[in-house]
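Below is one structure, written out as structure tokens; comments come after it.
Letters are used for the chains, namely A, B, C, D, E and F, taken in the order the chains are written, and counting of residues starts over at 1 for each.
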Amino acid sequence: MLRLKTPGHERFFQSPEFEATFGGGEANVAVALSNYGLNSGFVTALPDNDIGQHAINEVRRFGVDTSMIRRSGDRVGIYYLESGANQRPSKVVYDRAGSSICECGPGDFDWAKIYEGARWLHITGITPALSQTAADLSLECVKEAKKAGVTVSCDFNYRGKLWKYGKTAPEVMSELVKHVDVGIANEEDCQKSLGISVDVDVEAGELDTRKYEALSEKVLELYPDMKTIAITLRESMSADRNGWSACLRERGGDFKLSRRYEITDIIDRVGGGDSFASALIYGLNAYEDRQQSLEFAVAGSCLKHSILGDFNRVTVDEVEKLMGGDGSGRVQR
Amino acid sequence: MLRLKTPGHERFFQSPEFEATFGGGEANVAVALSNYGLNSGFVTALPDNDIGQHAINEVRRFGVDTSMIRRSGDRVGIYYLESGANQRPSKVVYDRAGSSICECGPGDFDWAKIYEGARWLHITGITPALSQTAADLSLECVKEAKKAGVTVSCDFNYRGKLWKYGKTAPEVMSELVKHVDVGIANEEDCQKSLGISVDVDVEAGELDTRKYEALSEKVLELYPDMKTIAITLRESMSADRNGWSACLRERGGDFKLSRRYEITDIIDRVGGGDSFASALIYGLNAYEDRQQSLEFAVAGSCLKHSILGDFNRVTVDEVEKLMGGDGSGRVQR
Amino acid sequence: MLRLKTPGHERFFQSPEFEATFGGGEANVAVALSNYGLNSGFVTALPDNDIGQHAINEVRRFGVDTSMIRRSGDRVGIYYLESGANQRPSKVVYDRAGSSICECGPGDFDWAKIYEGARWLHITGITPALSQTAADLSLECVKEAKKAGVTVSCDFNYRGKLWKYGKTAPEVMSELVKHVDVGIANEEDCQKSLGISVDVDVEAGELDTRKYEALSEKVLELYPDMKTIAITLRESMSADRNGWSACLRERGGDFKLSRRYEITDIIDRVGGGDSFASALIYGLNAYEDRQQSLEFAVAGSCLKHSILGDFNRVTVDEVEKLMGGDGSGRVQR
Amino acid sequence: MLRLKTPGHERFFQSPEFEATFGGGEANVAVALSNYGLNSGFVTALPDNDIGQHAINEVRRFGVDTSMIRRSGDRVGIYYLESGANQRPSKVVYDRAGSSICECGPGDFDWAKIYEGARWLHITGITPALSQTAADLSLECVKEAKKAGVTVSCDFNYRGKLWKYGKTAPEVMSELVKHVDVGIANEEDCQKSLGISVDVDVEAGELDTRKYEALSEKVLELYPDMKTIAITLRESMSADRNGWSACLRERGGDFKLSRRYEITDIIDRVGGGDSFASALIYGLNAYEDRQQSLEFAVAGSCLKHSILGDFNRVTVDEVEKLMGGDGSGRVQR
Amino acid sequence: MLRLKTPGHERFFQSPEFEATFGGGEANVAVALSNYGLNSGFVTALPDNDIGQHAINEVRRFGVDTSMIRRSGDRVGIYYLESGANQRPSKVVYDRAGSSICECGPGDFDWAKIYEGARWLHITGITPALSQTAADLSLECVKEAKKAGVTVSCDFNYRGKLWKYGKTAPEVMSELVKHVDVGIANEEDCQKSLGISVDVDVEAGELDTRKYEALSEKVLELYPDMKTIAITLRESMSADRNGWSACLRERGGDFKLSRRYEITDIIDRVGGGDSFASALIYGLNAYEDRQQSLEFAVAGSCLKHSILGDFNRVTVDEVEKLMGGDGSGRVQR
Amino acid sequence: MLRLKTPGHERFFQSPEFEATFGGGEANVAVALSNYGLNSGFVTALPDNDIGQHAINEVRRFGVDTSMIRRSGDRVGIYYLESGANQRPSKVVYDRAGSSICECGPGDFDWAKIYEGARWLHITGITPALSQTAADLSLECVKEAKKAGVTVSCDFNYRGKLWKYGKTAPEVMSELVKHVDVGIANEEDCQKSLGISVDVDVEAGELDTRKYEALSEKVLELYPDMKTIAITLRESMSADRNGWSACLRERGGDFKLSRRYEITDIIDRVGGGDSFASALIYGLNAYEDRQQSLEFAVAGSCLKHSILGDFNRVTVDEVEKLMGGDGSGRVQR
């Protein structure tokens, strides 16, 4: 997906210019995992034109395998982004209708080949929101993954502006999530993607972590094949200042709550959830101790807030340094 | 239409940045006419989102009346532009499917109100290329103009990459052009939009003006209600160097050939045809002498090649100075 | 007025570049009102050269009526701006002497025509500071407005660097303010423009709102024709962090104090007062409840601090969302 | 003088940005001479504000002595510049009224101190065009130079948009030029600054060098104390392509005509005359052979056309390489 | 190698900014070949720091295999580049001493693994110019290639500013070239790298192709194992305008001379030779007909002159379109 | 030293661009002192190429005397800088090996001439870290200063990544510091440059000022010729938010602790220590009262955190305004 962002904190068209980079849920996760030193690939469809080619190039730059990308369809989806500041929120205008992936459906990908040698699939709730065929394809994708013995993680990612083809998010997602091993969400995603309600006010300040405990229990109850659920806790004080933490529960394990980071001069919030998902995937694979896994996920995504663009450009060393307690921001020289 | 151009002469995504301006045939003509001091308005459809609003703002900046613009649909059409240099041509990637105007059709505009007090309508062959409904709307638009006593000019503008909805350009355009008073075209447009063939090789150097004489005659023959036909003669030596002239024939008048300009350091060719159309409209209204009208059109569009962006940002004084023979480029101070 | 700002937070000439936009008290108010959906016009004088024309174009872009602008004189006034950060204040260097408006005087504008159909005039204390003729013109302007039954608001706006033609601010302003219906000021403006003193230390932290109550009373006492006085309360902790609130008193009404906003990552403070004035004008017209009017004014101007440039680029929806309590800065998607 | 140029070849305010550099006749000459390794100083007046200070800093960067600059007055003069392309000329909008130097007059500079140890004074016809006091000051300046035994060169530099204070250029300049040792001009300067007419059409192509021979003779005849006259021959084919050469006559010497350069992709023409003046001053001092002096002047100013900004950023080595015949533009590595 | 170029045509430090891209002979060839759809890899040494990593990323973006790059040493070599214009040449300042590759020597690379499955090695005369160990490594590299049955091409690339470690270019290169199958050079490279002299004046205009015929014969004579020699013919009229063609001789074949391109608005000359080498390698592999191979090489490198940066960003389709005669630069839409 | 910084807060190579400015300990101090109105000169070695020349020009711009700079060696040292944000620290990659100053040694500078008329020498612990010859030169430099009666200040500046030539910092620095009159350091410098340990945890929050008292005592004890020691106290909460204060002890005087500044939106931390050193030198010379000297040093360096680039671009007036208590950041107009 092409991301067209205004320069700095400008509103749309203050300058006749867009920062033009690429991003989107699954791409963001693939890039971050490659930055953590894992082998990752990106599976999507992109048109056979220059814009499609450069979407591939940009992901390839980080070492992501792009050989499984299908070249079909007519356009690369776009989102326009205006960066907020203090009380003014960032603003996203989607222009994704008719993009290549919207027009794909079941049968368009050779899953056997894709999953050969693979260990993990990550998918988000954004793809099934795009079109009926994309939803069908998403379901096929996770089912085939399970069949191939591949672990499936899914970020439920609710995007209200996208669900327009006649189905509600819970209708589609509750089916898809049945096949998920590791669920990833924020409170609003649980509520709007899965229809699981809790009464935490997302606009407010201090968060009640007991609600999150209840919420994670409820998700595991409703989805008996899910092994792990991780939920992020964002406290939005302003566009520039957020509290950031997360919790995790494994089936049969304790409810674990991470350290909380105060992020006071946010550079870019977009992609924050994806950076959590990717750091969690790394953490679940790299550490036996689930508290460590969770802390890696939170520290990795905390750092994302200091980085412009959708992609999380950090290394394992950098994340572990922050996990280890050094968030002082002293010059490294 | 949003125009996303790479900086300078860069190929796509050499820098993570696009120059983001607005343009498109009819908007370009409206802006240029307003710059010439005429009252002009722009009739189109744009989505009710920030991108649509800024398309309006940008046109309004030049004093164009935007009160007749319909707010409907989901997206602003886009074209990606990479600026060529010497032997490397400029490259356009269209992303216009699903734009607001594509989804409009007959009945969506209140022509009676729009044509109240209007004297001239300009339309291009690009709109009917977008969709069947847009083609129907275009036909309605010109018929209603004629009914209201409004003069109609049309730039035949053939765009091969656009005609995808099942009709060929000549099928649609030959009907529409029946209602046109002033036809505007280049040689390729005549051939591909109207199916009128002549054997001038558009890739080659020196042009045979007698062919143009024949061509203009043929157009007037085939379209008995057309009063005037004007054809531009572009000689492309390289992306930076073109010869530029035009010819005009009024029904019952002589074939007139303009002065020829050698343009050696082209800044931006895109919108060149529209700048010719607008300067011709001005010229036909401002000068009795048709040679003068034509010279204004050619000089006005010659200057466009020195201006970045789709819009022709020149005044009548500047064009008349060039018509008067001063193309020396001496500093004005 | 042309605003030449250094890029980002750079000091003058760190880079050989200026951001070049337009602004100035009355223009800022006209643009903001147009953004709120009201019909607004801008009355000023600008030279008949390219810089003057583009000042017009930039205001016209927002839908402001520019047909009443007089084209005369030789230059567009300039202010150079260097954006501060933390303990380093922003710095303004004025270069306004000899600008077109400085050289205008009584008789230069056709007030009858200007006020035809108008409901509201807004003027600032900056224009009368420029020259004796500009002061005379300002007085004529407000008197004619009153005669035409037009409501007059005035931002007292004290600018110490400008009053150089031999009169003090109170000498001129106390006469002009007699004709004002709605007075707008900060504490320093009251003191230095009108000579009304209170002992609030503008450099200090917590503000004593009772002083503001007394101050507003005093203004209404001294100017018996004034119906409403609104005063902004800015607490400057640093160039990046301000407290922001305001109070309002209507003749015969209660003293009303607004909600207070903590603004922690200011993008641009310049134009903050104008954004308050424009939002107040909107608020006074849109809401019966004066507390609501005031809250709109404060919320609208709070948002201005997040926007680069003199103009307040916000909509009624955005302001009302903040008034309604959502200042969390969550991404809108 | 502050130079505010649009980016690239953009027309005014296509982007909200100006390139902000410093320039102006005498500054340009001082900088170029310092780049040639000579000791040079710049004498002017600049306001005691940040803009004035940075004008000093920018000149000081090149090693020019700025200790003789007077800090007085209120503003730095400005010129707005829009860079032309092919048939569209570059455009200058002056905003110099009220600048510090305009308000200086005789007695404001301590010439005895300034000329102590000095060998050469260079002045242009622009300063006397600004105001009566500046004209008087200019005359004082050259008279005092002659008295101090300092050689005086003067670029007659006619700027029609400036002479506004009631005197014509010839009235003032013909007096000032009486004290000049080395006159520098183009054909138009001779005609409009000194009132010496010849009939060369400056808009046309091929130049008749015999006219220049006559012209130089006539200047020396009229100004019996002038020792040398040098005239540049610019053939403007377009904003991007000029022919460039010059001629020189010493009293009692032959008429010398330089090599002619074809400059085909001009980067910046502004300051071209000043680069000729400075290279001529260097050439007259460095070479016995006047043909060499002239060739240095023409080669040095030919190179200026490849350099953005008013200042000529070239070394003696680079100029001599071009004089020696290498204009091939091969990469130096 | 990091390339630090001034913006546009600016001289060093006119703006406090460098365009920062990567390039260098062998990298340029690897990228171009990947753009032509071939599998290519890049073998070099880069330090294990961020700058080294991003050099890898940038090459990887184009699909080049970077798995054979050695991470060692302390720094990435740099070249500073100032882009020339008309008579002012581009200027390169090298800063390559102490770079990672300079400090590598024989034994540092596992050639057996590198050449496994490889068909072609390309090397330039720049690497052996850097240090004695780099020269020894270069020799090892080509010998091992020959042993592994890999075809070896070498661009003789003479860089006078580099040969500083005590050997002359011919001493080293004449040994290395013994192992080369395909020699690539310009006239100066033959002379200065190999010590083969011909009397063509590289500063002059029209080229005498018979000399090139003699030169190519002489090279093949002196290097009996060389199968093919290709020589580029650049005619430098100015920094912006060059003639461009080439010749090729296969042992036992005819002397073939390519079509000549007039390149009139050069965007970037640097990397022109590398773009010829890469297009020649493609051409020799893709076409039986050696004239075709040569024409591809010349057309491919002609296009490079329109592209900013060291890398040639063109496809086979684009090159073949130009080979087929379309150099008209018409907009592709 | 050339400073290559990524734009804004970008990580390396997110955009193909570096901000390119100059900096480095001693240069930063010379520039700041010149900005404070003192006569200062910069003594170093720079290569005789364009990059070296522009390093000189940039310092000369601020009025620093550059006539004592030696032109020798091959390269200008570089540091790459990536600007941190919140929990992500800024990152410096050094590329200084082989720079001109590294290759200088004793005897290369004419100290007698350099110290003629000089009153103060400032040196940092960075130069002796570069090479053995640079360390020897540094020692010669301070010894000669003392011999010439010049006061010597030294910022101990520990840079762990630099000490690579076989000596440890304390081995070299403890000898050099014997000749220092005014020592300047932070806690880590004392420990790592001089081997004086105290147990303050530099990553933590609140600082124990008694430790600093002990530390300063210890330094004065160990270096009996040192007259004054000043130590900065930085509390790093994040990359954007620091506490900033300092302490000073004169031999025989009280321990003085400065006011503490909370810096919440840091623009650039690099050069913070140098800005303290230069403001301290000014303060020691300008004020009798050592508390005042210290407060000037802390206020001056507090302001540096609001300024992009190595150089501290502030005036005495600005620093004294902050010392006087105005850190409110109100717009100056």
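Note that in this section a contact is a pair of C-beta atoms (placed from the backbone, for glycine too) under 8 Å apart; a residue touches a chain by one contact, two chains touch by 3 or more.
Just so we're on the same page, UniProt names per chain: A, B, C, D, E, F = Sugar kinase.
Here the structure is a predicted model, which is why all the values come from computation and not from measurement.
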item	value
Shortest path length from subunit C to subunit D (each step joins two touching chains)	1
Intersection of the contact lists for subunit E and subunit F	A, B, C, D
Chain hops separating subunit E from subunit C, counting only touching neighbours	1
Label of the chain whose CA centroid is most distant from the centroid of subunit C	E
Between B-C and B-E, the pair with more C-beta contacts	B-E
Whole-Å gap separating subunit B and subunit D, where each centre is the average of the chain's CA atoms	44
Geometric centre distance via CA averages, subunit F-subunit B, whole Å	61
Touching two or more other chains - residue numbers and ranges from subunit D	8, 14, 16-17, 57-58, 91, 264-265
Chain contact graph, described as a line, ring, star, complete graph or other shape	complete
Subunit D - residues contacting subunit F, complex	57-58, 60-63
In the complex, subunit F residues that touch subunit A	8-11, 14, 79, 84-92, 94, 159-161, 202-203, 236-241, 264-265, 269-270
Subunit E-facing residues of subunit F, complex	4, 12-13, 16-21, 49-51, 54, 57-58, 74-76, 78, 80, 82, 91, 93, 95, 97-98
Complex interface listing, subunit F residues touching subunit C	8, 261, 263-267, 302-303, 305-309, 313-314, 318, 322, 325-333
Sites on subunit B touched by subunit F in the complex	14-17
